[in-house]
Amino acid sequence: MSHEFKVRTKSKEEFIDITSQISSILKSQNVREGLVHIFIPHTTAAVTINENADPDVVHDILKGLKDIVPRSGFRHMEGNSPAHIKSSIIGPSLCINVKSGELMLGTWQGIYFCEFDGPRERKVWIAFSS
Amino acid sequence: MSHEFKVRTKSKEEFIDITSQISSILKSQNVREGLVHIFIPHTTAAVTINENADPDVVHDILKGLKDIVPRSGFRHMEGNSPAHIKSSIIGPSLCINVKSGELMLGTWQGIYFCEFDGPRERKVWIAFSS
Amino acid sequence: MSHEFKVRTKSKEEFIDITSQISSILKSQNVREGLVHIFIPHTTAAVTINENADPDVVHDILKGLKDIVPRSGFRHMEGNSPAHIKSSIIGPSLCINVKSGELMLGTWQGIYFCEFDGPRERKVWIAFSS
């Protein structure tokens, strides 16, 4: 059982909360218990979980990553090596437990698609295991 | 099948070895084969695997992360943006294989709860899939 | 169902594409659907997914990580604390969906074993869940 949905990013770098889309797929597929596996099939994007209350947190994570990763001195001709590095630092995949049909997330947690080389149309893949 | 245990951290930043707690849950639940999914339901904490022999390694990882992540220049009013960034860099979740009732870890590996904004009481969630 | 294969690294730091080895195990075990769990049982190595087309990308990721992580000022006497830090930043484990016997990867994605303290002989562990 695998599913795909699309995300359209509007900026070079951007976090998009995809929690409700994943919850909707759980409900439409009647998944009650198990693990949901989230996978980003792109090499300049990633997926993370972080605070969903104050949008300044997401802003600060993007700013922090921009300060951490060097912006020049690379070989790759496309010029997007910082985005590839961020993709590997944050990671392409997460598993989350499902209980009674609900994503098991902490009170302040949301699931974020991380764009590091936008704007683009991107895909998110979801699979379930019992 | 999901389980929760609590971890009490005593410092602002701290790694706590939770390997034995997870092994105990495996044994008490008689889990013999499958995957164990470890999930941290907090946005200023994380979970990692690293060396369990020399405590200086854990000290050096915390020190390295402190040097890597900028400490100021953020918007989020709570002042803990560096902790949110570390949470996303290390990650909230890990899967580990279970074989004959034992966690499949390398010789020098321990599982660490990572506190980046303590001291606090924290939760660790565990789930099994076959 | 768990499997092991070995990787020989030739440099201090190196990414090795292990996608085809994992695909071969899937085929030899006749795994058609489910999740494949990749786990690195070492504390100075990791696993990531990134671009498999231009080898400069992998070069740039290693260079970026070298610039990001401090190289001195650590306590651990073995002198490989930067490798332990990179191991926790990139992570020891990934899950990938399997569909009709094929690894579900994006067009440009390859799976890389990440050596941060070589050269050595290393192990990769694979497990399947349905």
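A, B and C label the chains in the order they appear, each numbered from 1.
Basically, a residue touches a chain if its C-beta (ideal position, glycine included) is under 8 Å from a C-beta of that chain, and two chains touch if they have at least 3 such contacts.
All figures in this text were calculated on a predicted structure; none of them were measured in a lab.
Undergrad: Would you kindly state whether over half or under half of the residue numbers at the chain A/chain B interface are used by both copies, giving same or different?
TA: Different-residue interface.
Undergrad: Degrees of rotation, nearest 5, to put the Cα trace of chain B on chain C?
TA: Best-fit rotation on C-alpha atoms: 120 degrees.
Undergrad: Report the inter-centroid distance (CA atoms only) between chain A and chain B in whole Å.
TA: 20
Undergrad: Using the touch definition from the top, which residues of chain C touch two or more other chains?
TA: Where chain C meets two or more other chains at a single residue, that happens at 35, 68, 89, 91, 95, 129-130.
Undergrad: Where on chain A does chain C make contact in their complex?
TA: Checking each residue of chain A against chain C gives 2, 35, 37, 39-43, 68-70, 73-78, 81-82, 84-85, 87-89, 91-93, 95, 123, 125, 127, 129-130.
Undergrad: Given the complex with chain C, which residues does chain B contribute to the contact?
TA: Spelled out, the residues of chain B in touch with chain C are 34-35, 48-51, 54, 56-57, 59-61, 63-65, 67-68, 89-91, 94-97, 99, 104-109, 129-130.
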